[in-house]
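Below are two complexes that have chain A in common, paired first with chain B and then with chain C.
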Partner chain A sequence: MATPYLFIAPFYLLYVLFMLAPIGVALWLSLCEWVGLGTPHWVGLRNYHHLLTDGSFQRALGNTGVYVLVSVAVIVPAALLIAQALNVRGLRARDLWRTAYFVPMVVSPIVVALVFGLIFDRHFGLANAVLRALFGTGGVDWLGDPTMARVSICLVMVWRWTGYLTIFFLAGLQNVPRELYESASLDGAGRLRTFRAVTLPALRPVTAFVLVTSFIGAAQIFDEPYLLTGGGPSEATLSVAQFVYRAAFERQQFGYAAAAGVVLFAVVFTVSQLFNRLLGIGRPV
Partner chain B sequence: MNPMNPGGRLGLLARRCLLYATLAALLAAFTAPLLWALSGSFKPRGDIFGYPPRLLPDPATWHNYRTLLSDQPFGRWFLMSTVVALTATAVSVFVCALAGYGFAKFRFAGRRLLFGVMFSSLSIPFAVILVPLFVILVKTGLGSPWFALIVPWVAPAFGIFMMQQYIVQGVPDEVLEAARIDGCGEFRIFLRIVLPLLRPSLGALGVWTFLQSYNSFLWPLVLVSDSEQYTLPLGLQTLFRAENRQYDLVLAGAVLAVLPAVAVFVRLRRQLLEGLSTGAVKG
Partner chain C sequence: MRGPSPHLTRRTLLGGGLALGATACAGHRAAAVRTSGPVSLSLWTHDEGYETFFRTGIPGADRRTDFRYRLDVTRAGAADLVTKLLAQAVAGRGIPDLMGFEINGFPRMLRGDIAERLLRDLTGDIAAVPGLAADLLPARTAPYRQDGHLYALDSDTPLVVHYYRHDLFTRYRLPVDIATWEEFAEVGALAHRRHGIALNAVVTGSDVNQVVQSFQMLLNQRGGALFDVEQRLTLDSPEAVEVLEFLCRGLRDGFVIDISDYYGGAMQAALKRGTVAGLAMASWYKVYGLMANVPEQSGRWRIRPLPRFSRGGHATSTAGGTGFGVLRGTANERAAVDFLRATWLTHEGQVRRFRRTGYLPTRRSVFEDPSLLRTEDAYLGGQRPFDVYTTLLADVPPVHMSPDQSILHDVLSGHLLRAYRGDASPREALREATEDFRDQAGR
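Up next is the complex of A and B:
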């Protein structure tokens, strides 16, 4: 009788200790003022009030919104297109392509940041050198100009995540029965109609999973902006996760950091639960 | 079928050429930055940012690698990262297989709810846990890297989800029934029958967990203050700052740091790439 519970017990033990308890503590801390030493001092909702009017937090939210948007509206469709290309019948070296596209995901974020720091260097970087060779001008301030810095972070995200998500779509496409395509072409359906009538419905579960995963991933992005631009210039690339980190570990505002974390949690958790419900994922088979 | 050419007027051969050209261009885009760093790691400091940029180092030198290995505690960072990642992987694979098996092969009261709770933990952003978890671990004296870099992360919901899907598909009920009739205990069945059947997917989950741990940055950044216990990413970041953002040494370090990860991945790529997607495909 107790057997199944024993099998899942280790997970729940860790879940309670290292997920639920911290969330509880976060909720409580978010209602306190605390510098990390001494006793936290109860301040009610004041931290949340401050967040509402904190320009940095609004910028962090906006930037994170951009990262989420790029992730969901650029990276996911790009991954789907690439997966389509890799699913062409009789394609040679399929293993080589998908493996190579996946490699950026294997690379440690610090290495990614070093590599792109090298490429995006304003004066001597490869990106500007290539632009100079092709167009004669290469003065793009990739990481120093607010807009360009945001674009650069997004480029790195595209580079890092696209091949990873492609794997999921490719597996989904390979799971679509060939007969469906054959009957569609017998019915005289064009390429676009086949895609809409056959491919997309068959890909529903994968698409749902990929959308939710990349939404959550982008919403809590930290490594790329922190390492590549430090959140700058003038907070143009600051993410919410870095806002939390900065408040707690650089400014000793633990309560304020906890409040920002709770806001992020509330948004991400609600949206992804809605997604899960709507798209019907996350039920045991 | 080829989405790169919706017009469809070109001949099959031309279409194939276009397809392969696109795939090759993507290959270049995904690998060129890494190759550029690889090439840079063999250049003397002054050449790394030389103009016009040279694709191949000339003269090529091992100087960066030699200096890094002799002057920096690179070996210690490497050992720290590897031991932490391997331990986390071993424990995590076991815990995930346990829970995945529990959800896949048993019907019990609260199963749906408990599974939902487990799955929903995927959507808890790390940023909300970061501060309180740090505080809890430090206050309870569990802030040692050996504990805190490993234990909280050994039961990832993604891994349980993946295992559950695998076990539903890959472990036939009849085998379990037969073992039960033979009087085999439940835990023995799991160890002797289920785990061996899962070997390929355990490999997939293992690579995934290893990479997660080996590459993690934010948590070690917060947690590890003693430079004696730096992991590779922390060591590289500190070195880059200490060297006044000079690239020669850190590029050599980056190459050495990435090699094991890429080697593990390339070696086990089939399992990983197929294992990652099984769960998601069935939904």
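Up next is the complex of A and C:
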């Protein structure tokens, strides 16, 4: 009688131990004040109340919103277009192109930050040198100006993630039956019409997956702003994940960090569910 | 093939598990303190130089104490070590006996009662050595004090001096004996207009600690401070406004250059091109900044005391440092204290530390050591650096820290950059930084 339960027990035991228990502890911790040592003090919803009025957290939410928007509205479509271009018949050096687009994803984030830090340096950077050579002006403070710093982070995101997502679309495109394109061609559909009527519907499951994972990834973005700008200047690039890290591991405010983490989790979970319903993930095409 | 042992029953397994658990729990309790004999000290540090220093100090420590030392060293990033220490402390096992706290990581230990719980108060250990308490420079014990307790001993007295390119100063006929920052501003503006060089640098990159450091070095020299001895914020002061106005003027007139960080590619480019012909920085910067980035400029650099602010302040200030503390409640607590005293605090140890790492002594008397006074530095063109350091020693301001220092660095760095860019006046920037700090530190 108990044998089947014993067989599946290891999974559930580990699931409870390493998934549910940490979430439960984080929830409990979010209702406490704790410096990382000693006994946490129960403060009820005070951490959440403070988050509501914390300008830093609001800035972090706003910045993360920008990163999500860039990810969903710029990176995903760009990845799709690049995949479409790479899928064209007769493309020369196809593997080289694919590798070139994928390489940014496998480069260490530390190296990325180092290289882009040099590229975006105001006095000695490559970006301003190119601008000076082309247009005679190149005093852009890429990482020091709040707006430009946000733009720089987004540029690095695009550079780093587009190629990675391209791989998913490329895999999807290769599974679209060739007959559908032949039929569209016989019906006199042009390239744009074929793309809208054949490619996009056929890629719907892949697109849904890419959208949801991109959203979750961007909502929890940490590496790029942490390494490139440290969240500055004036918290102009601070992300929520970075806010959580900062509160916990730089300021020893573990309860406050846990509360911010819970808010992030709630937002990501809710929006992911919305995406799931809107895009019909898991339902037959 | 042998089957399972007939003695291995469920009961014995359960008993074994309970015994294992009991052993694990027992590990949490403080073990008996060792008082002599062989001891293996667990040392955590972020810097290989310290590891080498302590290892080479073992024979001396063996002679001076009742212990026979062995070191078990763990090296990791400075911030990671503090995180690891707290995690181990929560787990109740695996904490080191001796640990180095990089100065910007130490404020985390000041939050709540963390320092009191984990670190030994070294005040009594210092007092037990005749003359030592009076000989240690108060400026270097202040950062590691809380509520009158001393929790760590610094590795350095990182005096801030003005580094300058002697060859460029000679070529451009720039004076090297500038008495005040006000005169420095005039000379610097002229030098920038004529030769395109900067005589000082401020950091405007992503490392908030470096951004604040550029400002704090001059703020402390001017007589201001970020925090007072009671850990209260003292940023919104006339001294702070004056210093920030000076730096903003420097950026406008070009004698101060904004740079993304003190050590990276941008600084290297600026140094190689000769754009940075001088900068105010701590004594260790020669080894870790200049020699690391521009070894080929050996012999061209010199140091001199900082110009003074005519309205008052000190001869110098300090920047950086690493405090070594002893963990409480371990079996090796006494051995660690003795080891620290026998290596870190002896006259010979402090001279050796300077030779190995470039870090200046923290005992006033060691600065008078004839071998140090005679030291000629090839990178500084044969200059005797202790001729400069000893003139500053009588007037080194203390730096006090607060558990909220990280919050201040986050908010202040942003407002400093706003002032540097001209988006806010220095007074506004400092007032708003103070307001933001009060808002965030209260959470």
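Following the convention adopted for this analysis, the second predicted complex is superposed on the first by the 262 of 285 C-alpha atoms of A that agree within 3 Å, B and C clash if a C-alpha of one lies under 4 Å from a C-alpha of the other, contacts with A are read in each partner's own complex, and residues count from 1 in each chain.
As a working rule, a residue touches a chain if its C-beta (ideal position, glycine included) is under 8 Å from a C-beta of that chain, and two chains touch if they have at least 3 such contacts.
Remember, it's a predicted structure, so these values are computed and weren't measured experimentally.
On the superposed chain A, the positions of chain B and chain C overlap enough to count as a clash. Of the two partner chains, neither chain B nor chain C is touched by A:183. Within the superposed three-chain model, A:191 lies in touch with chain B and out of touch with chain C [touch as defined at top]. Within the superposed three-chain model, A:118 lies in touch with chain B and with chain C [touch as defined at top]. By the document's definition of touching, both partners, chain B and chain C, reach A:249.
When the two complexes are overlaid on their common chain A, residue A:228 makes contact with chain C while staying clear of chain B. When the two complexes are overlaid on their common chain A, residue A:273 makes contact with chain B while staying clear of chain C. Comparing chain C and chain B on the residues of chain A they touch gives the larger count to B. Judged by the touch definition given at the top, the superposed model places A:58 against neither chain B nor chain C. In the superposed model, A:38 makes contact with chain C only, not with chain B.
Chain A uses residues 114, 117-118, 121, 123-125, 227, 249 to touch chain B in one structure and chain C in the other. Those residues of chain B that touch chain A in the complex are listed here as 1-4, 6, 8, 19-20, 22-23, 26-27, 29-31, 33-34, 36-37, 40, 48-53, 95-96, 98-99, 101-104, 106, 108, 111-112, 114-136, 151-152, 154-155, 160, 164-165, 168, 186, 190, 211, 214-215, 217-218, 222, 232-233, 236-237, 240, 245, 247, 250-251, 254, 257-258, 261-262, 265-266, 269-270, 273-274, 276-283. The residues of chain A lying in touch with chain C in their complex are 35-38, 50, 54-56, 114, 117-118, 121-125, 141, 143-145, 227-236, 246, 249-253, 256.
By the touch rule above, chain C contacts chain A in their complex via residues 79, 83, 86, 89-90, 108, 111-114, 117-118, 204-208, 211, 257-260, 264-266, 269-270, 275, 403-404, 406-407, 410, 413-415, 417-418, 421, 436, 439-440, 443. The residues of chain A lying in touch with chain B in their complex are 3-8, 10-12, 14-15, 17-19, 21-26, 29, 81-82, 84-89, 91-92, 95-111, 114-119, 121, 123-126, 129, 133, 159, 163, 167-168, 170-172, 175, 181, 191-192, 195, 204-206, 208-210, 212-213, 216, 219-220, 222-223, 226-227, 240-241, 244-245, 248-249, 254, 257-258, 260-262, 264-265, 268-269, 272-273, 276, 280-285.
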